[in-house]
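When the chains are written out, they are named A, B and C in that same order, and each has its own residue count from 1.
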Amino acid sequence: MGADLQLLLDAVVSGVMVGGFYAAAAVGITIAFGLLDIVNIAHPGFIVAGAFIAYWLNVTFGLDPLLSAAIAAPLSFFVGRLLYRNYYLAFEKHGEESLQGLAFFFGILFIVEVALLLVFGVDYRFVEAPYIGPTVSLGSVTVATRLLVPLLVGLSVVAAIQVYLKYTFVGRTILAVSQDPGALRLVGGDPVWTKEIAFGLSIATAVIAGCLLIIIQAVEPSIGREYIGRVFAICVLGGMMSLTGTVVASMILGIAESITTIYFGPSWAPAVSFGFLLIALTVRPSGIFSR
Amino acid sequence: MTAPLPRNVLQAAEAIPAGSRAARLAGIILAGLVLVGLTVGLLDWTGTDYAYLAAYTVLQFVVLATAWNILGGYAGYVNFGTAAFFAIGCYTTVVIYKTIQLPLLLAIPIGGLMAGIVGFGTGYLTLRLRGVFFSIATLALAVLLQTLVVNWTFVGGARGVYVLRPEALSIFGSYTRFLFIVMLALAIGSVLIARMVANSWLGRGLAAIRDDETAAECCGVPGLRLKLIATTLSGALMGMAGAPFPYFITYVDPGTAFSLSVAVNSIAMPLIGGTGHWIGPVLGALLLGSVQQVITVTVSSALNLMIVGILLVVFVAVAPNGIVGAWKRLSERGSWIHRLLRRRA
Amino acid sequence: MDTPIVAATGITKRFGGFTALNEVDLSLQPRERLALIGPNGSGKSTFVNCLSGVLACDAGSTLFEGRDISRMAPWQRARLGMARSFQIPRPFRGMTIRENIEVPLMFALHHTDRARVRSLAEAALAQVGLLERSNSSPRGLSQVELRKLELARALVTKPKVLIADESMAGLSEPEVDEILEVLFRLNEGGISIILIEHIMRAVMRFAERVVVLVSGAKIADGAPGEVMSHPEVVKAYLGE
């Protein structure tokens, strides 16, 4: 196989891998924003927080990041529930969502980033784990296991969420709320509690994604900013409410960024997600017109 | 029979009859000059350059908060990318400095124009959609522009660039004092513009859009057009606030230009001061800005930002209409302060 | 027969897989009083949203005074002389009641004289009995008063066409008659009116012609008496 084609193939493969991780990062937005219309722009902050939790547990107790994810996820679920409850009481209840709600989440995002800065400083941090470093051969392509693991775990997380939403009672209630909160009330459901659970899930997935992130690359506190454009672009391009769409859009974004990195250099990668966002907003899949 | 006492200070300020508009304008200009003279005198008295630098920063926030509020408070569209527009102003000045060397007073409107164009473009792409997409786009815009600047070696890329201050004209004394007066003029100008917008048909249209965009459109309000005007104006003012910054700070790199402080303060200050009235951002900027100038001396700048972030979240949850809103609520309920004031008169 | 002032042809609107409006034709003659009725969920409000430009139709065209307005934004239609009220009142909560009424005066009619705008607004408020509350916020209004505000805001510009979307829901009998009187007077003054209503008494009294929508399709269009005895209409309202 020619060298150029090999390069392209490598780019595509690593793009798919990163795409799997992006899917895990964005699924929480699909739940919170796509399904439930909560504009949680603090989501990337929780991804970075998750990464630093994995770092700290790794450095202090030698814990594997995947184990950290398993530990941190239930805790972040409760943090997410608490956060939503505050958001609801302060804003949604009074119908004041737009301006103040957005500012609220922006404040949270900001606080998380600055808190991480204060505690960990500006340096890049990374973790040690047995699967970071080695590579695996898939045909002519050499794949780093540090990309393969997040792909597998990331896709599993999204699949698990999909199963949960479709086949469990609570999951189906969440889908019901996304379509018609009023109807839910009529059959005795509590939309607020349901949204709380969903939001908790959303934050939990963010933290898990963070633990995956630090496997892929080193992190520093301001890295969350790059992800705002990415996760919302993925959610919108994926059709807002569809988890399959989220996965597909994540893969496309991953591949696009990977190709850009290989041919133009890594410092241009953040521009790709912005371009994606623009395309998403111009193509305008359903659900994003003024209500 | 005397007119009833205005129910609050704000109404008093607005209650001057239209017939004496010329006299009122003359009064404002006179008051402005007196204010400038007093402030300069006060700062000179402190004997240090530092006072001017601190005052410059606070006034810069007055411009940024006021500019943000034109779109955020009046129309209800949240711009998270103030740092991007500020940086456009900065880097326009840098480019001018490195090429045609125009004086600052010309660089400012050019920076404003550049930022206004970007504001218009962002708005054109996103303002037809729900407000949240505009907000997300402004966040992404900041990242995009920072990426572009980091890759642009002409303006120094990630390493930054040094900017030398020219000689100041003799009437200004030092260049620092000159920068201060420039920023003071920008602050006064932007507040006047904001006030004019608020009291005009544009302000009324934006208020209708903020309250219920669909109903506003059905009443004949051209939603997209008014939002574009507000976005362009807001962006332009932010760019103008950023234009003198390279001369102020003398070393510009992407981290400083796309500053976290600008990003959070331009939202926190109007929200804490109160978004419903043009005086809210001014109050927020003066209060919060001065407090931060004091804190930064004693505490790290990161902790300072943390405090601002916490204040933002707390205020937004507890007092969504800011200080001005709380004041209005108190005066409507006839608080003891107002009963006291009324009895005095 | 004059050219209709409003001619909507083949209006179709889909939301995902659900067809809310299916090739609906409706025309309104100048100075006519037309009622649009139908069971809940039949697509009446969707139709109004398409007519006023709030929703973009998937198919069909709308002509206003012979001019194609199908691509026009709501504010352009408002300026041409089409006014509407909302089924659930949507006042501007951050303004006073009078300022609410001033918005269409300033934007649909381009009045710039503040004093004139104010007096026109006050006249409209007087017409619906809200003048004493003109400096209060809409937040303190009852449902009935909100509907009156909604109507006042729509009629203050003396539009050519007024679309009144369920403006009488929740009103008492005398209040319904009050609103009907206002609408009759407006119609005498030259305004064509489309009334969307559930209150049959008002429909029978007011309408010269009745259009019936059921599940997004028009099933009847004619004089009130014959429409109401149309078997399809009876079936739709009373079931089989």
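Operating definition for what follows: a residue touches a chain if its C-beta (ideal position, glycine included) is under 8 Å from a C-beta of that chain, and two chains touch if they have at least 3 such contacts.
In this text the structure is predicted, and so the values were computed from the model without any measurement.
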(message) On the document's contact criterion, could you list the chains that touch subunit B and likewise touch subunit C?
(response) none
(message) What's the farthest chain from subunit C if centres are computed as the mean of the Cα atoms?
(response) A
(request) Name the chain with the Cα centroid closest to the overall protein Cα centroid. (result) B
(message) Rounded to a whole Å, what is the gap between the Cα centroids of subunit A and subunit C?
(response) 45
(request) Could you tell me the distance, in whole angstrom, between the mean C-alpha positions of subunit A and subunit B? (result) 33
(message) At least two partner chains per residue is the criterion; list those residues in subunit B.
(response) 214
(request) Would you pull the subunit A residues touching subunit B in the complex into a rising list? (result) 39, 41, 86, 90-91, 96, 98-100, 102-104, 106-108, 110-111, 113-115, 117-118, 225-226, 228-229, 232-233, 236, 265, 267-268, 270-271, 273-274, 277-278, 281-282, 284, 288-291
(request) Could you please specify the touching residues of subunit B with respect to subunit C in the complex? (result) 201, 204-205, 207-208, 210-212, 214-224, 276
(request) Spell out the part of subunit C that touches subunit B in their complex, as residue ranges. (result) 52-54, 73-76, 78-79, 83-84, 86, 90-95, 99, 102-104, 106-109, 112, 153, 157
(request) Spell out the residues on subunit B that touch subunit A in their complex, using ranges where they run on. (result) 72, 76, 78, 80, 125-126, 128-133, 135-137, 139-144, 146-148, 150-151, 213-214, 260, 263-264, 267-268, 271, 275, 300, 302-303, 305-306, 309-310, 312-313, 316-318, 320
